[in-house]
Amino acid sequence: MARSSAWLSLSLSFLVLFNGCFGRRQSFHGQESQNEKCQLSQIHAIRPTGNIPAEGGTTEFWDPNHEQFQCGGAYAFRHIIQPNGLFLPSYTSAPLVAYVLQGSGEYGIIVPGCAETYQQSEKGSEILDKYQKIRYYEKGDIIVIPASAVHWFYNQNREPTILVVLQRANPVSFFLAGKPGSSHQGQREQGRQQQELMTERLGYDGNILAGFDVQIVKDALNTDRETAEKIIGGNARGRGHIVIVQQLPSRPEQRRQPGRQGGGSSNALEETLCTATFTQNIDNRERADIYDSRAGRLTTLNSFTLPALSFVRLSAARGFLNKNWGLVPQWSMNAHSFLYVTKGSALIQIVNQRGDTILNEQVQEGQLFLVPQNFAVVKQAGDEGFEWVEFSTNENAMYNTFSGRRSTLAGMPADIIAASYDLSKSQAQNLKDNMSSLWFYQASGSSPSSSSSSGRSAFI
Amino acid sequence: MARSSAWLSLSLSFLVLFNGCFGRRQSFHGQESQNEKCQLSQIHAIRPTGNIPAEGGTTEFWDPNHEQFQCGGAYAFRHIIQPNGLFLPSYTSAPLVAYVLQGSGEYGIIVPGCAETYQQSEKGSEILDKYQKIRYYEKGDIIVIPASAVHWFYNQNREPTILVVLQRANPVSFFLAGKPGSSHQGQREQGRQQQELMTERLGYDGNILAGFDVQIVKDALNTDRETAEKIIGGNARGRGHIVIVQQLPSRPEQRRQPGRQGGGSSNALEETLCTATFTQNIDNRERADIYDSRAGRLTTLNSFTLPALSFVRLSAARGFLNKNWGLVPQWSMNAHSFLYVTKGSALIQIVNQRGDTILNEQVQEGQLFLVPQNFAVVKQAGDEGFEWVEFSTNENAMYNTFSGRRSTLAGMPADIIAASYDLSKSQAQNLKDNMSSLWFYQASGSSPSSSSSSGRSAFI
Amino acid sequence: MARSSAWLSLSLSFLVLFNGCFGRRQSFHGQESQNEKCQLSQIHAIRPTGNIPAEGGTTEFWDPNHEQFQCGGAYAFRHIIQPNGLFLPSYTSAPLVAYVLQGSGEYGIIVPGCAETYQQSEKGSEILDKYQKIRYYEKGDIIVIPASAVHWFYNQNREPTILVVLQRANPVSFFLAGKPGSSHQGQREQGRQQQELMTERLGYDGNILAGFDVQIVKDALNTDRETAEKIIGGNARGRGHIVIVQQLPSRPEQRRQPGRQGGGSSNALEETLCTATFTQNIDNRERADIYDSRAGRLTTLNSFTLPALSFVRLSAARGFLNKNWGLVPQWSMNAHSFLYVTKGSALIQIVNQRGDTILNEQVQEGQLFLVPQNFAVVKQAGDEGFEWVEFSTNENAMYNTFSGRRSTLAGMPADIIAASYDLSKSQAQNLKDNMSSLWFYQASGSSPSSSSSSGRSAFI
């Protein structure tokens, strides 16, 4: 039952993908403009190549000139926000998706035109503060932030927050406060140069209000000169884009109700940005789309399950593979995917159209690599198992498998398979009949077995 | 009341923008492809750099290689059509939006597949001419012309017509008549060279029918050789793309009914191209979206108020600021904007992501400048006040303000503001509480006051 | 009657085009990015420039670096599949449209998520094979294949199959079987070099499964080592991408019902990919949109008549002109078109914005040429008549005519025509009154006559 409804929703989603505006356009856009940048002779899983330190944390970046990011049309970052660290309010020219690798805290997205519906009065005081909804994040959350929308993060807890972020290409950040700049903590000469270039390129050294005359800021904000000078960053130099804030009072928590943890509304038209959910947890075992008690599980998040993803034309997935289990060979039909290893290791093979193995290595925790659109990929967990988060450049990424019960091979007549691979008809039929698994396979050496999968998924 | 419904429609329009095809795609398209061209170290307000003269008027152009136009992905022109001047029938590869700076007259847009529903019989004659609707323009109108649609303009009045035009990048014009060419009136040597290059680049020297054999034109039009020869431009050389027509009889006027002056239908699906409104006046004070008797007013035109704008993915706005009043700092979330100064002057400051002031000057009547997407801008009227028309590269341009009652700062909790700017909690709360204005601020020196704004607008 | 409803549907389709997502985006995309590549000083009708031979056929290609393909953003191929030839299963990074110039056979498109609803049990055997729908093609069919969808062709008949294919730019093929490679049959040295480059560039030398470890393929497919080795192409070298298959049993035919031959459903939302029609015949005389017993006929296929075309953002048309008849001068408003001459010859003139005749030749059977968007074109059949198939880079290509009863000239007031062409008012009125034909004209020398056209069409 669960299985058949999964396939129903899958073919529906495939349909919508092809009929919908974005899937289609995205798909072509990707192909037309990025094909030339995707003639990669090899890919390697890599760690961040530099960082931009600040008083209250640091932003690690992968070199955006690396050909993986050129091909994928996206950049990756890892923000580390220390306890009491405030990632200053900013907006970016490109939308982003973040995965909370560690920690928890609060954040805000200011949506123009939405009312300040939350209010707070300080104890024993007449002061009443009204503001837009404050949101909360915790480990395992995917956070979606549309382009040009002001946002901030505050880590009011004891553990550092780590965000793994994928952002469409050429992002520029516009900070509304501070004089971010870098604090050059313990960088070697070469690293410092790259750091300065990236700081400048990304806009991490600017406060856009700093470019206005202080008199204009004073007049426009109807405030006094001292405040205006602070706003344009007078005494913020050297603290960087994440500052330590000791005095922030703990807010009476306006926690998300469990019922609003996403997945509820699949009607993007009914969802208004003012009340939209920008966060959803994908670590939770119960949310898995594909679950096999022996092999592992997969959880996908797309614009059907988190409508805000359609604002950013990105999607995300989370995977867990147990020791010696693999995911059957597959390819993405409409998206480039970036995989970040959160735990364990795996043997990854990626093959291009010529049959060249352009990645063939044991990837490790903390590494990131690209699986280009249309390229074939296989993942096989190492001895400690394999856990990863995956970002795709389409809000409804679609996968096609080579083998498995619902695969391409399963859909072909046995005589065409026989003719294609120079097999006898009965060999071909056997091949089809033995593909009992949907998604997982067991590496030999371990006892062979068919895995049973269930659930709803965009992996087909 | 008016105010709250304004915000309702605003947040609705914001929603639609993010959900709609075009806002979203446009936004990404702009970011992805134009970011690199928008690393501008400075911007200047500039006047046209050359012109293409003709018998019945002239077309002034801004140098399309100028980095402002490269970043904005659009070109600007100023057509001057003398009395009795006919801008010859042509179509262009890119859509355009025109503002009627001066004059009035008639124009036609030939929409394929629409019936010739207008007819005219000459006095005392049996001749019956049927044709598609003739349209009228007057000072203050915005005119929308879709790509590849044949159009012509005729100035039957005494005052020269001046059209300020914004067109998406790399426009090429295909003239159906004349042998436009340039007439080289009083150009210096260097200007002449640039003029010839632009004439060629824009297609102002061609009549596309001139490339066919006269015999084929004669056969295809089922006419005689003399007419065919005239059609391919036999004796039109040197008159250029705007010709003087003395004999054009004045047509019994088929004026637009006031009720059709736009704003009526917001349902693009019900509006057919055959009956579509391509014109709407934005000078009219009653149409202002934001009006403040002391400070000034703003009128915006987007695809909700003029559905034809969705065909061209452009929008327009008109602004008036009184002496010493300014518009609060803001940025555009999804569009590049080109501002043309129609009267007076203003101090403009534009700030990039690094906090660099890339434009900081007193702009004057007749000048044009770009405000790049995401860049912060402030406008403060000079002694004569400031009037401008604004073209944006999104059919629903969205703005976000830094200060003001519905601004980004207003949406943030006071403690985050305090932490961001190193203010005390009460300073931060005061800052929020004092932002009583929505859009306007008064430059100091003049008596401070809160301005009240009302109306509907896309400025938030 | 037929005529007026034709115009109704035309203006409707024009509307939808401008309102719809794809028409609009496509149109702009084309203009913005390809204008610079379309500054062609001349165009020639050309034959294929190279070929990739294989055991069971050959793929002829036009040089993709040729400026026509750069401007049009598409590539053209001609696949020849010999009797018993199997074009191996593959998918491509760009969607394609194919015209069956000769032959018939079967093909499959494997759609992920669709059920294997067809089954076959061999005579006297217990073996039951289930697979996805098998489809049939015959001469005159247009076949649509979405990007990234696995497909194969098998020619089980006696005549070679010839497919003329248009594919969006930079297509890369991913073969699932064989070790295609080229077999270098009778190529001269220079041709061989180009052939190798193209083979590599297009991915015709690869089997993507060949890049995986045989052990992984064995495990993932739950099969034995021998089969796994065959699958990764162990003994397929040198047979190429089309192989001869002698043993393929003839399948009990599951022919398309005539009622499903397309045109039925115009509601893309109701059509699911699993049951979608990917084929429609456009040779059939009864399907003509425009038919004139003396002049010829035109049949267009767009996303309204074959919804699958909206998946690929391409459309097709088929034209027949009798000796000495021509199609009136026209231009495409939103698409580049590639014309392949299937029979006879014609004088073609193509004119750019400057009035330069960039193509002016007698095109012949087997040649292909581009008509760039917005450029004016006239076609006049030679002594043997003229037959062609046309591929356009928009799923709803729109044409505008200069002359004819529903043309641009017909829509303009006579006095504007008179003023534009320096004609008298009565000459202008005569010109309009004599344009009695809609689409066709008769070359002089032959007896002049008005042609009557009827039917539904996207040519306006």
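Each chain carries a letter (A, B and C) given by its place in the written order, and its residues are counted from 1.
Following the convention adopted for this analysis, contacts are C-beta pairs under 8 Å (C-beta built on N, C-alpha and C of every residue); 3 or more make two chains touch, one makes a residue touch a chain.
These numbers come from a predicted model, not from an experiment.
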Query raised in the report: Is the contact between subunit A and subunit C built from the same residue numbers on each copy (over half shared) or from different ones (under half shared)?
Result: different
Requested in this report: To the nearest 5 degrees, please report the angle of the rotation taking subunit B's Cα atoms onto subunit C.
Outcome: 120
**Report entry** Interchain centroid distance [CA atoms averaged], subunit A/subunit C, Å
**Finding:** 38
Report summary line: Each of the following residues of subunit C touches two or more other chains, namely 21, 25
Report task. Please name which positions on subunit A make contact with subunit B in the complex. Result -> 21-22, 25, 73, 86, 88-89, 91, 93-95, 108, 110-116, 120, 122, 127, 129, 131-132, 134, 146-150, 152, 154, 168-170, 172-179, 200, 203, 205-213, 215-223, 227, 230-231, 233, 235-236, 243, 245, 247-249, 251, 268-269, 272-274, 310-311, 313
Query raised in the report: Mind pulling up the subunit B residues that touch subunit A in the complex?
Result: 7, 10-15, 18-19, 21, 24-25, 27-28, 31-32, 35-36, 326, 328-329, 331, 333-334, 349-358, 373-376, 378, 380, 398-403, 406, 408-416, 418-423, 425-427, 429-432, 434-437, 441-444, 448, 450, 460
